[in-house]
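Two complexes come next, and they have one chain in common, chain A, joined by chain B in the first and chain C in the second.
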Partner chain A sequence: MSWLSDEAVARLRHSANEPDLSGTPYRFAGALGRGGMGAVFLVEDSRLARRVAMKVLDLPDRSGDLEARLLREARVLAQIEHPGIVPVHDVGSLADGRVFYTMKYVEGRRLDEWAGSAASLAERLRLFEKICEPVAFAHSRGVLHRDLKPPNVMVGPFGEVLVMDWGVAKIIRATTGAQVASTQFPDAAAPPSASDSKSGAGDTAHGSVLGTPGFMAPEQARGEVAQLDSRADIYSLGAILKFLAAPAAGEKTPRRLAAIITKAMAQDAQSRYASAQELASDVAGYLDGLPIIAYPEGFFGRAGRLIARNRAAVVLVLAYLVMRIVLILWRPR
Partner chain B sequence: MNKIVFGLILGGVLGIFDGLTAYFTPEVRAALVGIVIGSTVKGIIAGVLIGWFARKVNSLALGIAFGLGVGLLLAFGVASMQPGPNHFYFQIMLPGGIVGLIVGYATQKYQSASAPARA
Partner chain C sequence: MADDTNIGGGGGRFPPTRWSAVLAARSDDPAERTRALDLLIGAYWKPVYKYIRIRWNKPSEEAKDLTQEFFTRVIEKGFLDRYDPAKSRLRTFMRVCVDGMVANEAKAASRLKRGGDAVHLSLDFASAETELGRAGPALREIASPDSTEDFFEKEWVRSLFSLAVESLRTECEGRGKQLHFRLFEIYDLDDSGASRASYDDLAREFGITVTDVTNHLAFARREFRRIALEKLREMCASEDEFRREARAILGVDPA
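Up next is the complex of A and B:
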C-alpha cells in the first residue's frame, strides 16, 4: 500500500473543487466564491472568447429541489433585464449532471469594500440612488430580492452598480416575462438555508426565515413570507443607506438624511416608502436641498433649507443690500 | 429661457432697483426717472453681455470675474458722464460692480430647461 504525497492530495483536492467542464464550451479560469447552495467560478467561454461567471450547484441533490432552485434563479434573472442586474448568458448541465448557469463576470468591488474607500457622503448617496433603480425595476416586474445588503451589490470601475445574488428572490406577481418562471415553479422560492431546509424547491414555507440579520425587514425576520411585498426590500435599502451614511467618529448623520433612513426602516411596513423610486427620490431631494417626504418642514425649516441651498446667492444679495444701506447713510462732505 | 434672456431680465430688474435707491439721495432725487431708466439700460446691457459669456464659458469663477468687470466698466462709463466736478465714482461703481457680480454668479448657476443639471 502506498501513500499519496501531501502535494498529490492537495492537487486532488483542488481538482475535486473544480467543475468538470468537459463537453461544454467553457474553460476553467478560477474560483470566485461559494454560496449557500452553489459555487461560482470564473470560466472562459471559448465560443465568444470572453470570461463569464459560472454558478454550479455543489451540494448533493437527490430530490432535485436544489437543481430546480438554481434553474429558477437563472430564469428569474433572465426575466428582469436591466443594466443594474447581472445578466444570465447560458444555462445547462455539466458532464457530472450538475446544473449550472453562466452570467456576466462583474469586475469591481463589493459595496462594503467600495464604501470603505475615500468616497464622500454625496458620492455614496448618488451611488445609493443607482442601487434603487434595478430594485425598483425588479419590483415593477413582480420580483422581490429579499437579501439586499452591501456584499450583494457590486460597484464597477466606472461607478456602475450591479445588484447580485437573486438566489432568494420571490415572485410576488407574475408579469409576462416572469410567467415563465412561475409556470415552471409555481410559488415563491428561494435557495436553501439552514432555516428553510424543509421547504420545497418552488416554495418558501410560511415561517421560514431568509435574509440577513440587520438588513432584513422585521416581517421577513418573523418568517411572514406570505405578507412580504416590496416594502421588505425598501427596509433592506434603508439598511444599506444607513450603512452608506454612517458618520465618521464625532460626526452626526444630518437630520433630513436620518429621517429618510428612519422612514425606510420603519418597523411597520405601512410607514415605509411606497416604492424604491420614492426612496431614491427623497435621497436625491436631500442631496439637492429640495423638500423630502420623510422630513416635513415648517416655514423656518423651509427658509433655512433655501438659504443653505443658495448660500452664495444669499451672501451676494446681502452684500449688495448692506453696501446700499451704507451708501445711503454715508454722505461725503 | 436661455442664459442671455435670464441675464437680461435679472440685469434689468437689478438695474431698476439700483436706480430707485437714488431716491434716498436728496441731491439727485429730482432726476430719479432718468436715473432709473439709465440704470435699467445699463443693467440690461450688462445682463446680456454676462449671459452671453455664461453661455460660452462654463466657469463660476470666470463668470463672476467677468460680471464684476462688466459691471465696473459700465458703471465707470456712467460715472464719468456725470456733470459737474463730482463724478461719484465710488457711489456708482461699487453697486455697479456688485450687481455685475450677482448677475455673473446667477447666470453661471442658472440652468436652462433644456439642460438640467444638479448643483
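Up next is the complex of A and C:
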C-alpha cells in the first residue's frame, strides 16, 4: 500500500474538497468558507473575467434533500433582487454531480468582525437600519430568512450591507416572475421552475429546528414551522440590534434603545414590531431624538427628550431668561 | 507496490442496501460479517498499531501482540455490538477501547496464553514500523493526551486515504487509465523530489498537452474523492455520522 506523507495527505484533503470545475467556465481561485450544507469557493468566470463566489454541496446527497434545498436557496435569491441581497448569477451541477450556484463575490467584513472595529454606537445603529431594508423587502416578497445573525451579514467597503446565506429561508407567500439563469455547459441542472417554489419543494417540515440559538425566535426554536411569519425575523433583528448596541464595560444601554430591543425580542410574537420597517423607524427615531413606539412617554419624559434633543437652544433660552431676571432684580430704583 | 496486508485491501464494496460495514459487522450472515470486518480492520489496524507504539510507548513485539489481541476481540467477541453511533464516532470508540485494553495489564498478559485456535491476522507490521520511522522527529511532539487523539485521527485519515489510493490505482488499471493514475501519483502523492513537477513538466515528460494533464488530474481527483467518500460511508453507522466525519476529514480551511 502507498505510504502517504503528511504533505500528500494534506494535498489530497485539499484537492478532494475542491469543486471539480472541469467542463465549466469557472477556474478555482480559493476557499471562502463553509455553511450548513455546503462550501463556498472563490472562482473566476473565464467568460466575463470576473470573480464570483460558488456555493457547492460539499457531499453527495443520496436523499436529494440538500440538493433541493441548495437549488431552492438559489431560486429564493433570484426572486428577491435588492441591493442588500447578494445576487445569484448561475446554477448547475459539476462533473462530479454536485449541485452549485454562483453569486456575487462580496469583498467585505462580516458584521461581527466589523462591529469589533472602532465604529461608534450611532454608526452601528445606522448600519442596523440598512440591515432592516433588505429583510423588509424579502418579507414584502413573502420570504423569511430564518437565520439572521451577525456572521450572515456582510459590510462592504463603502458601508453597504448585504444579507447572506438564505439556505434556510422559508417562502410564506409565493411571488411570480422568478427567473434563474441556466448554465451554458453540459450536464447543467435544469433551471428550476417558479412552480417548484410555489409547491414548497424542499421546505422544512413542522417540528424541524433550523436557525441559530441566541438569534432564533422562541417559536422557531420550538419547531413551530407552520406558525412562523416575519416576526420570527424581527426577533433575530432584535438580537442583532442587541449585539450591535452592547455597551462597553461599566456603561448601560440607554433606556429607549433597550426598550426597542425588548420589543423586537418579545417572547410573544404578537408583541414584537409588526414589520422590519417599523423596527428600523424606531431605531432612526431613537437616533434623532424623536418619539418611538417602544417607549411611550408621559409629559415629563417627552419634555426631557425634547430638552436633550435641543440642548443648545434650551441652554440659550435659559441663559437669556436668567439674564433678564438678573437685570430686573438689579435695576436701580 | 504490493499490498501490505491481506485484510481490507482491494475488497469489494458493500451492496447499496447495506452500505455500512459497521452495521454489516453485526450481520447474521457470516460472509457479510467477514467482509465487513475485513474492511474495518484494513482501515484501522495501522492506526491502532502505531497508536499503541506511540501513546503507550510499547516495543514493537508487544504492540504487535496487542494489536492482534484487539482485533481478535473485534472478530470473536462481538465487540462492535457495543458501539452506539449516537454517542460517539467509530474511531473515537476504537481508540477508547484500545486504551481500555492496553491499560488493563492483567487482560493484556492473558493474550500470551491464547491457544492455537486463536485468530491470527496477517498484518504487515514491518511496513507500519517503516512509516513510524519516516515520521521521525514529529513523533516526539506527541506528548499530551490531546495530541494522542490527534495522532490517532491523523493516522486514521492516512489509512483511509491510502486504501482509497489503492482502489483508485486498481480502478484506473482496469479502465485503461494508467496514465491518469500515474500523473496523480506524481503530482499529488509523490514527495520524493526536491521540487514538485509542474503541469508543463508532466506534459513534456508524457508527450501530452497541458490540457490533457489538467483533465487527467481532474478525473483522478474526482474519482479519488468518490472512492474515499464511499469507503468512509462504509465505515460509519449512520448518514449523520458520515456527514460529520466527511466534513471533519475533508474540511475547508478558509484562506
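The rule we apply is simple: the second predicted complex is superposed on the first by the 301 of 333 C-alpha atoms of A that agree within 3 Å, B and C clash if a C-alpha of one lies under 4 Å from a C-alpha of the other, contacts with A are read in each partner's own complex, and residues count from 1 in each chain.
The rule is simple: contacts are C-beta pairs under 8 Å (C-beta built on N, C-alpha and C of every residue); 3 or more make two chains touch, one makes a residue touch a chain.
Remember, it's a predicted structure, so these values are computed and weren't measured experimentally.
When both complexes are superposed on chain A, chain B and chain C end up sitting side by side without clashing.
In the superposition on chain A, A:A39 contacts chain C only, with no contact to chain B.
In the superposition on chain A, A:S22 makes contact with chain C only, while chain B stays out of contact range.
In the superposition on chain A, A:A313 contacts chain B only, with no contact to chain C. Touched residues of chain A were counted for both chain B and chain C, and C has more of them. In the superposition on chain A, contact of A:D58 is made with chain C only, not with chain B. Note on the composite model: angle chain B-chain A-chain C, taken at the C-alpha centres, equals 150°, rounded to the nearest 10. By the document's definition of touching, of the two partners only chain B reaches A:M323; chain C does not.
When both complexes are overlaid on chain A, the residue A:L287 reaches chain B alone and has no touch with chain C. In the superposition on chain A, A:S120 makes contact with neither chain B nor chain C. In the superposition on chain A, contact is made by A:E7 with chain C only, not with chain B. Closest C-alpha contact of chain B with chain C, superposed model: 40 Å. In the superposition on chain A, no residue of chain A contacts both chain B and chain C. On the chain C side of its complex with chain A, the touching residues are 1, 3-5, 9, 127, 130-131, 134, 138, 154, 157-158, 161-163, 165-166, 169, 185, 188-191, 214-215, 218-219, 221-222, 224-226, 228-229, 239, 242-243, 246-247, 249-255. Every residue of chain A that touches chain C in the complex is listed here, in rising order: 1-9, 11-13, 15-18, 20-22, 30-34, 39, 58-60, 62, 95-96.
Contacts from chain A toward chain B in the complex involve residues 287-289, 309, 312-313, 316-317, 319-320, 323-324, 327-328. Remark: chain B residues 21, 24-25, 91, 94-95, 98-99, 101-102, 105-106, 109, 118-119 touch chain A in the complex.
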